[in-house]
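Each of the two complexes below includes subunit A, the first together with subunit B, the second together with subunit C.
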Partner chain A sequence: MTRLAKIPAGRYLDFALFLALGLFPLTGLLFYTQLLQKYLVFLIFAYSLDLLWGYAGLMDLGHAVLFGMGGYLMALSLSAQNGVPEFMARYGVREVPAWLAAIVPLPAAVLAGILIPALFAGLLGRFLFSSRVGGVFFSVITLALAQVFNLFIQSQQKYTGGFNGIGGLPGLALFGRPLDLVQGYYLVFAVVLLVYAFCRGLTASRFGLVLRGIRENGARLEFLGYDPARFKTAVFMVSGALAGLAGVLYVPVNGMIAPNDVGMEFSTAAIVWLAIGGRGNLTGAALGAMLVNVVGNALSENFGAYWQLLLGAVLLAVVFFAPQGITGALARPARGSGRPKGKGMARRA
Partner chain B sequence: MREILRTEDLSACFSGFWALDHVNLSVGEGELRVIIGPNGAGKTTLMDLITGKTKPAGGRVFFDGHDITGKPPHEIAARYGIGRKFQGPSLFENMSAAENLELAAPRENTVPRTFFRREPVRLRQKAGEVLRRIGLSEKAGNMACELSHGERQWLEIGMLMMQGPKMMILDEPTAGMTAEETRLTGRMIQRLAGDRTVLVVEHDMDFVRQVARTVTVLHMGRVLAQGPLEEIEKDPRVVRVYLKSDGREREHA
Partner chain C sequence: MDSFVALLLNGLNSSALILIAALGMVIICGMMNVINLAHGELIMIGAYTAYSVTQVMGRSFFAALPAAFAVTAAAGAVIERLVVKKLAGRPAETMLATFGVSVVLQQMTNILFGAQSKYVAIPIAGKLAFGRVVVPYYNIFTVLLVAAVTAGTVWMLHRTKFGKRVRAITQNREMAECLGIDSSRADTLAFAFGSGLAGLAGALAAPVRSVSPFMGGPYLVNSFMTSVVGGVASFSGTAAGSLLVGESTALLGGVSNDVLANILVFLLIIAAIRFKPEGLFAKERR
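So, the complex of A and B:
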């Protein structure tokens, strides 16, 4: 999969995908444009997870927690634009609390929605990685965290709208002027392109090389003078910021946010996108996110919830026949079994 | 010769078993020291304690005038300049040979020095030069997992060349090599010594004869003997615990 990053094929796929996404609104299919706008937001989330899982090998099973932090901060800000939100008033809140007042200005909400998940990831990462928590333990802890965060959101009805979430929110606006669907679509598209360029730049830098080193053999890196805990914390923060940004954009695009968007369900969905698309090259993350959502949507129109059965079958097939996902299979066509790949001394020690 | 490495009563204990028992070792700057001993003598444990992989149960390690006992591996590598080649070897499997070498470059190894930083050009050139020295120029783009066993050993030696530490620790660098590969590796290591201190753990006596000047023999966690190779080979204690059994093992193999 790292080979794909070297040959231009991956870049052509990226380019083709962006071209298709950039031209789609010209078809005038407004319903699907709106749907794709949501999937564009998912692309940012997929890139964010790929930095963490695909490059650094840290499988975050609760990545939607970071997404949800950004999303809920944005939703709270949007709902409090005209004083105390209705769902809070129902619980007898008369005045906008000070912490909420601080994020009522939208730029403050956007900033908080990016920085707070990053900070949270930084603290969690510092705690986990300096105590040498890694591998499957990292996954289990983040999975538990997703469940805890979901319960937390549901239990704080007064401030989060509880099970129903926060809805009826205004759409995207720029400098106080509401945008129509196509304008909003291109705004999100522009952010996606920026995030893509950011991720490409970061992974092509020496930092990206070190992240892959951590994935391949983190223990060996220590003897070359690297402190892997610091790199892991750093990439977790970057990934958290991008996941938060995705959450911030998701709320005005979707019009609402609910506990389902921030717990295990959405976290697992993103894992499936990357498992199918391929990891560690950004192309696979985008491809997987788009394919699963677009095909899933088309199938659910005809088969209702049964399409998830098919998704399960496809996922099993991918895990068995193309464990590195679509891009992994493309990068190494018919690769022989080769020598077994040990994980270096980490496993022997 | 100035002393660069000294261990004082260095001991390691694994749930009641003393893998190392008050080992006192002194290595001079620029020396090529070979450590031999039967399996389970504590050779690899000694390397683990020096490089910070394992914390000692007692005793101290001094390197270049600093007490490095119990420091984390990345600090021992980056700050004090000790590099290590693992028994095995231990590589970044799904990364190319060139990338393995680039990762080993010193100094560019903190978050601020790598974040959105391009690979310095001189670093790539140096990686190319090292690839030539270890005979892998043709395979620069091959994944580490696609290389043959001997090539993998050389790649890890190349990583040490990139790292350029003050002292290199080589744990069984010729394990699994053909006689010809072993000879080439011996030449490589001899060239590396001289401008830096090299500590080699080896079983292959032909290799030891090729490179060794001073040999330390470990047995059951203690230093059994130390001295020039000719004396060691005649030392009856060494012959009894090591050289004889080594011969037997080879007949069986």
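So, the complex of A and C:
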């Protein structure tokens, strides 16, 4: 039951983080504002994974696939604004294909970038969750998906730019008017706040309660008349939509997208944010994403491999000493590592 | 026709490499129920052992094979003792921790050996030619060795005392413990053995694939896919699964590109999980 308890301190942490992020552009540090703008997009991605992993207990090791679908759709749309993109022309494409023409209007691209990952997640979820296969297999399958999707993107050079990805894309714009950095920052920030409010509402609702029930004891929820498979599929779709939205925003913010952004590497990066920050309370996702990225950016320039090594070691330490991450450790300091009691513990001495 | 036979033989060789990479996974994941996300890095350790023994120390490749098995088995034993055993019965935490292990191993290799790919010379030169179909001797050696190792593993699990203990623990841990089996020790040994097989896979693959700190990921995914298609706890299923993955990759790779094969295998796995969660080739459950 302790897991179901809310962390009152978490709400204040959220507000403190948002306050800091909201005020940061006033410092005039444009380089860091640009960096933080990218991390704001990562926040949406982290929330999306938290809904799935933190609330429903579904550890998606290929979440970047959903992010990448949104991202690549947006990148294709942006690159085709003035006719056939250069990387397609190189492969002899003379006319904009019909499917691409459909997403050239930006609202259509945004919509597709949100809906297609959601539909994909729904389809995959319908297949996976209705079978009796355990939750661990969901992770294995999504891991395989990340690899397959990455290979797929790399192999379709004609339409995805292959290994180099799609680059040289225009920045954020609103109603056809390009935004400067600070304006763009606040646009992304506003979306983050909306997503946060949406996730708060969703997790506080009956739907969120059922999800947590499924995470804790799926069989019991089934006895109560809920169909876990349908709820899991639904949350996978919502999470997919948000991941797609993050991808859609990422492309104009970052200026490019490449296969690395959609494979195992980025998927596991998000897993690390949540593992370190804590899961199932939204605060940990935001904290972990910000912390890992800000510290990582400071360290990786000079100590690339050593930073990654440290991250791996920190991940191990978190699993053993703070399984619920930073927010979990903050919430229940008296309970020590807070290791869950279970009959599984006795299975192997 | 000749090119079809050539593709088929090529596929047999990749099937053998996939099979040996997945064998260790069958023991660790299928029998011991541990999802080890560092499996690819165990394969990497085997490949780097082969590189060190042959290119740095200048010894024969045939000394590198047992060395790779031994080094990786030792690494596996350490991982089991320090990480996996402590998280028994908590699969999600085990996955996270073994992912942490994989990052640590990757970066340690990156720091020690550098990020660029290493090459291991092909130990057996020459080719066997039937008309226009050419088969390198090393491929024949790989297939034969993998067949022998697979047979040896099955024999060990069914005929030796250690194998029988491991299987007893797989079937009913508490009962096995009641009969006086030291299950903790058997766990470590089985994990070490599975890891050693992964190391052997890495060493065998080293001369024909590139060796780099980040080579593990695809091997991990391929091993998972193969053992899921075959049914995680069955050796014959895994053998059939690896043939399916290897041959379809090679044959489709011949006509279009092998990404298509990857996608097809992935779809097959989704379908398998949906309709036959015990694996396509598994026997009916009792």
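Rule of thumb we're sticking to: the second predicted complex is superposed on the first by the 326 of 349 C-alpha atoms of A that agree within 3 Å, B and C clash if a C-alpha of one lies under 4 Å from a C-alpha of the other, contacts with A are read in each partner's own complex, and residues count from 1 in each chain.
Operating definition for what follows: a contact is a pair of C-beta atoms (placed from the backbone, for glycine too) under 8 Å apart; a residue touches a chain by one contact, two chains touch by 3 or more.
Predicted model only: the values in this text are computed from it and were never measured.
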Partner chain(s) touched by A:L202 [first = subunit B, second = subunit C, both, neither]: first
Contacts of A:R177 with subunit B and subunit C, given as first, second, both or neither: neither
Partner chain in contact with A:L311 - subunit B first, subunit C second, else both or neither: second
Partner chain in contact with A:N217 - subunit B first, subunit C second, else both or neither: first
Subunit B versus subunit C, judged by how many residues of subunit A each one touches: C
Common interface residues of subunit A - those touching subunit B in one complex and subunit C in the other: 342-345, 348-349
Touch list for subunit A against partner subunit C, complex: 57, 59, 124, 127-128, 130-137, 139-141, 143-145, 147-148, 151-152, 154-155, 264, 268, 271, 275, 305-306, 308-309, 311-313, 315-316, 319-320, 323, 340, 342-349
Residue ranges of subunit C in contact with subunit A within the complex: 35, 37, 83, 85-93, 95-97, 99-104, 106-108, 110-111, 115, 173, 183-184, 187, 217-218, 220-221, 224-225, 228, 257, 259, 262-263, 266, 269-271, 273-275, 277
Interfacial residue positions of subunit B with respect to subunit A in the complex: 51, 53, 72-74, 77-79, 83-84, 86, 88, 90-96, 99, 102-104, 106, 108-111, 113-119, 141, 143, 145-146, 159, 163
Interface residues, subunit A side, partner subunit B - complex: 1-3, 6, 201-202, 205-207, 209-210, 212-213, 216-217, 219-228, 230-231, 234, 338-339, 341-345, 348-349
